[in-house]
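Chain nomenclature is as follows: A, B, C and D, assigned in order of appearance, with residue numbering initiated at 1 for each chain independently.
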Amino acid sequence: MNLKKIQLYIGIFIVAMLFFIAVFGPLLTPYDPIAISNATFSSPSLSHIFGTDALGRDIFSRVLYGARISLLVSLLAVFIGVALGTFLGLIAGFFGGKIDKFIVLLMDAMYAFPGLLLAITFTAFLGQGIRNVAFAIAIAFVPTYFRLVRNQVLSIKNEPFVEATKVFKVPLWKTVFIYVFLPVVPTLAGILALSIGDAILTEAGLSYLGLGVPPPTPDWGADLSTGQHYILQDYWWCFLFPGIAIFLAVLGFALIGDYLSEEKL
Amino acid sequence: MKGLLKYIGYRLLSSVVMVFIMVTLVFFLLRVLPGDPVQALTGGKAPPEVVRQLKEQLGLNLPIYKQYFRFFSDIFHGNLGNSIVTGESVKSELLERFPATLELALVSVILAAGGGIILGIESAKREGTLFDFIAKLVALSFYAIPIFFVGIVMQYIFGVKLGWFPISGRIDPLNEPDKVISGLYLLDTLLTRNFEGFVDALKHIVLPAFSLALVLFSVIYRITRGNMILQLKKEYVKAARARGLKERKVVYYHAFKNAFIPIFTLIGLQFASLLGGAILTENVFSWPGLGSYLIDRIGYRDFPAIQGAILFYAVIVVFISIGIDIICALINPKIKYE
Amino acid sequence: MIKVDGLDIIYPNGFNAVSDIGFEIGKKEVFALVGESGCGKSTTAHALIKLLPKGTEIKGSFMLGDKEIFSLKEKDTRGVRGKDIGMVFQDPLNALNPLVKIKEHFFEIFVAHKVKEKREKLLERIKFLFDFIDLPFERVDAYPFELSGGQRQRVMFALALVMNPSLLILDEPTTALDVLAQKKVLGLIRRAKEEFSSATLLITHDMGVVNEVADKVAVMYKGRIMEMGRKDQILYSPVHPYTKLLISCVPKFNVKDLSIPEIPIDDYDVDGCSFAPRCHLAKDRCFAEKPESKFKHGRRVACFEIQN
Amino acid sequence: MVKKRLFALALPMFLLSSAVAGTKKDTVTIGTLDKWKVLDPAKAYDVMSCNLMQNTLVGLYGYKPGSTVPEPALASSVDISKDGKTYVFHLKKGMIFTNGDEITADTVKKAWDRVFKLKGDPAFLLTGVVESYKAKDKYVFEVKLKYPFAPFLSVVAFTVAYPVPSVFPENSFFKGDKYPASGPLMIKKIKRDRYVYLTKNPKYFDYKNVETKKVLIRQYQNAQTIRLALEKGDIDMSSSLTTLDIRDFMTNPKLKEKFRVYVSPSFVISYIVFNVKKKPFNNPKIRKAIAYLVNRGEIKKFAYNDILREDLYSMIPKNMWGYKPVFNKKPDVQKAVKLLAEAGFTKEHPLKINYWYPAGHYGTDVEKEAQIIKSQLEKTGVIKVTVKTTEWPTYLDYMTKGVLGMFRLGWAPDYIDPDNYVYPFLHSKADASLGSFYKNPELDKLIEKARSESDKKKREELYAKIQEYLWKDAPYIPLHQTESAIVADKKVKGVTNDPVYPRYYLLHK
């Protein structure tokens, strides 16, 4: 089989598993992921197949539930990024002139700014919580999607078929959807997948700095950054499993994203 | 050439506007959002009237617009104010940390670009083969591991277990060059013929630079591979082969020259964003750079320091991105500016 | 001079692009390979300098003078490319590296083929070629984008001829050009064969071009040569049903687009003659057996009907 | 060609393997997370800055190593008037800074002038109680207080009251980092956020008894790297490790072979605050119910790896005189449920509250602590807790604005006296700063009386009474008193785990 296709299939398989876990994970484990118990740091066994952490919580359950939070945060972040980017791109593209110049300047400035730095600044001020963290991560995505949409708008703005839609009184959202949104979907899909992987990593970084999703929420990033404290102790299961989860999730999305953006080439 | 100069002028002008917008935004955000420097500094321990007094001392009780004007008149006098936390001039604090960041960024970019470009090209040459597949898988895997995790694993293995490299800092304090020439220790120690110091600085930078380079490597690999594949399918590549040129020349000279501009632009932007501080790497390896400075000062709501750092950073980004454009223009005779 | 025999090309995906092709080209002779796009004529040209995708299987023999090319190692093949065989490509806009000056393109060839002469000498040689292609010598310092398409194609000619190759391969050299530029290029082809006394393999689908410059013509269809002979034979008295059909479509030899008008029979692959499904003469045998190319009417034809 | 390449490869390898002289043998290297902010007694209010100045400057008073009792340092003696309002310090003669300037009563006066004028962060500690001061004689310094203030000598022992060399400008804070020293050590080399290199001060009056030669303090950005640096031998000692790592050093045989852990009580306490103005915590029954539910032992075990925490039942620490354990020692769920029921909350109609802790500020263990407290309160079935967190400056902002209802704080004393554990928390003048907004005029009077009383016995009685109020109204729930631990290589001698400040000048190898 074509290796490129294998890449795609591996990616799809991982991501599909991820969504499966996120949806059905809670049914697969008998433990409450935030219930603390006396059995702290017990190594993987039949009753706790991934072992337990410092508070005696079942790591398997936390990893399964963590899929939900990690996906939620990253999907939300990407969604906000796309929504804001699209909105600004439409405004800049359609209005043009000074508004356009202003937004472009702003976006250029943001684009060159390190994503994590932006996220840190925003979480520092917004406070933590899933929504805020997602928003903070999303900020860094806005310029990318803004560019995509704005360029598309500019390229079709003066096309006769767009002019025609005005004559025939096609509702604006339809015009936007058909002529702006649909054409960028192929490009978008690749970037989108890569962004999700990026969001998962950024969230882990925020957690490492103590600015991620607040505990006890089961979250891979937070669990890995707490777990890495135990690298020097023999509690390898505390960091290994959330670490693998992050690694696979990011890899899955990256494989798909890479495939899609290459198909575009 | 004239077009290029005009273009640079325009870019500079719009950059000034951009920097102005950013700094203004930061200025007001700092004052509107929760947290104030005096409380952060005294840890909430000082009685209310003391807090009031300290605010007065720092000019934080003034109406915001007055603080704003003061801030900008300071900037025009080349002054970024004094840090609320340390009382030192923000400018000198930034200038002291910048070389550390620059050194780390330079070394990592060189490492990552070297590896990423070569592997990217070789992958592109073998597009669709097992080699290509594995190379890509490796690159994407590097990308998928959180950097702080890689950092500590490297510290543990190469620092503690094998004892090859120091795990933190830029240089042994006792080897610290007395004379600061460029602020880049690798360079300064060589210039002063302090070879022991050079080796020490080199050993110190290995782990942070490598762990930072891993992520960068996969980004550069990806864009190199993609663009090289694109170029290798072009007619001029076939034509060059048909003229009997060596394969290495065809790939590494002809095709790469054409793939270079997007690769270079990406490396430039990555480099710019590294100059803002590779926050996680700096934290893991206690590298005294700009990123950890900014995080530290955000933790104190040190307004002048935060504003100054953002301004400094924005200016650097502007210069780098203009620099990228100029270099691209010099490489590519086709680019014309209006 | 040049002799290709029993050429079979199978792509990595198993597609048999060219089968059993053989032809000869003498010094100062222009041999035109014509046919619809996809018939395998370009593939044939690329096979001669081994520039087909990796894994492509090439069978048969290709004698260049007394050198057998196909059995050469990759390293030695490289020595042949650009030196013994010059090639001009279809798309002049993309055949030169956009970021490399014209001059450098020439010097690269000298380096690649280890021409160790003084710079002035080499420049002189380039100047000679620029005179030949009728381009002011100052233009060697230009970048490709500063030249027009026709100019670029002429530069390609100069590049192909700079090492005095014994075989010049022209892959659709005029297709992308406007009429005036085409005229110039055709002139070049005629002069090149005289002045450089090389053998020329011209790949084209333009019968007008064939009429202007070719000495011998082979008509290809689906990877096989249907009919091969002198230009006047093929253009004015074709015998193979396919050639006939082809020629009838271009009554005045100046229509550029060469395609067969609608024929009410489905085009599908058969075991026998590949043209059989579209052939009005086709018999049962034509569908079952491949006709060999045989000498008939002073030319080679691959058709049972004609051979009978 | 091949040879050349091999050589090119071999060269850096050779360079890397050649040993670097680096830190010398006679240098004791300390790793820390604390960063010094400003080296000026008039401005410094953070741990590291004060530590550095304590080792390089001398005050009129100091502390005996390993104790909390103020003892004369620069002063040879002090006369305290009967009303407790006048202090006359007699200075030792011939005490000098490294630049040769002698320290006289005038030096002290000038230093205090700066504090009063510049009004830096810690200035209130002096300005709050001092009425006037003057240099009575070259070696006599007199201070008049606004009211009798028993812990005054402890304040004098704090860096804010230290005399400073003349390089410190009169009208502004000192911005440099190297100043003439008067203490046992002096700053030789210093880089902000990176390291401080201290050497023995040859002009120190007690020079002969200082065994330390060189001390290098390296600053790190995370505790994990410090632990690795210890294991690797980059540093010799540190007090910035996490409880988990400290437990490792205490129990792992391999580590025990090389390192020793010095544990000593500190005066740092941790506690929960209630904003008594905010619903539902304005109801003392609810505050008390929660106090009944907290199980300190369990928190210690799960959140702090069962080390370095001592259960605390009052806001005054155990090892301080005047301590009276007033809070219930064993959790009592029944009593709590009863109190909650009285306040109108039952299983059917549960009490929903938020519990806040500051992210990262007190290390990562507080995170676990919050989880445990949540589960302890929820055991009743009557309380539902949402754990909330935010970054420190925002936290402080929320605290002073009264946004936080029930939240976690810690306290490190400015001076070692029960007053410092009572006045800031319970006196109405200090209310907003610590987030409880607790006010009680009766208690105010008691506190004022206690701080101006000079008889220790009477003071002790007064503090006992004050602590009764603490339990009665429960605006705070004391949790633990921390112990501090220093992990040091066994080669390092002279390690004292001082509750007040680390004495670098006793360290040697």
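Quick note on the criterion: a residue touches a chain if its C-beta (ideal position, glycine included) is under 8 Å from a C-beta of that chain, and two chains touch if they have at least 3 such contacts.
Every value quoted in this text rests on a predicted model; they were computed, and no experiment measured them.
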Practice prompt. Determine the set of chains touching chain A that also touch chain D.
Written response: B
Discussion item. Applying the document's contact definition, name the chain pair with more C-beta pairs in contact, A-B or B-C.
Written reply: A-B
Practice prompt. Could you name the chain whose Cα mean is nearest to the mean of all protein Cα atoms here?
Written response: B
Item to complete: Please flag the chain sitting at the greatest distance from chain B, going by CA centroids.
Response: C
Discussion item. Between chain C and chain D, what distance separates the C-alpha centroids? Give it in angstrom.
Written reply: 88
Discussion item. On a C-alpha centroid basis, what's the spacing between chain A and chain B, in Å?
Written reply: 23
Worksheet item: In whole angstrom, how far does the Cα centroid of chain B sit from the Cα centroid of chain C?
Response: 53
Item to complete: Would you give the residues of chain B that are in contact with at least 2 other chains, written as numbers and ranges?
Response: 33-35, 152, 156, 283, 299
Worksheet item: Residue numbers in chain C touching 2 or more other chains?
Response: none
Worksheet item: Residue numbers in chain A touching 2 or more other chains?
Response: 124-125, 127, 209, 228, 231-232
Worksheet entry | All chain pairs that touch each other | A-B, A-D, B-C, B-D
Worksheet item: Residues of chain D touching chain A in their complex?
Response: 224, 227-228, 231, 242, 244-245, 248, 302, 359-360, 364, 367-368, 370-372, 374-375, 387-391, 393-394
Worksheet item: Which residues, counting only chain B, touch chain A once they are in their complex?
Response: 14, 17-19, 21-22, 29, 33-35, 128-130, 132-133, 136-137, 140-141, 143-149, 152-153, 156, 222, 226, 229-230, 269, 272-274, 276-277, 279-280, 283, 291, 294-295, 298-299, 313-314, 317, 320-321
Practice prompt. Give every residue of chain A touching chain D within the complex, in rising order.
Written response: 34-36, 40, 54-56, 123-125, 127-128, 209-211, 214-216, 226, 228-233
Item to complete: Would you pull the chain B residues touching chain C in the complex into a rising list?
Response: 234-236, 238-247, 249, 254, 257-258, 331-334
Response to the item:
Note: in the complex, chain D contacts chain B through residues 12, 15-16, 18, 20-24, 27, 35, 37-38, 40, 43, 45, 119, 121, 123-124, 173, 175, 189, 191-195, 197, 216, 218-222, 224-225, 228-229, 231-232, 234, 391-394, 396-400, 409, 414, 424, 429-435
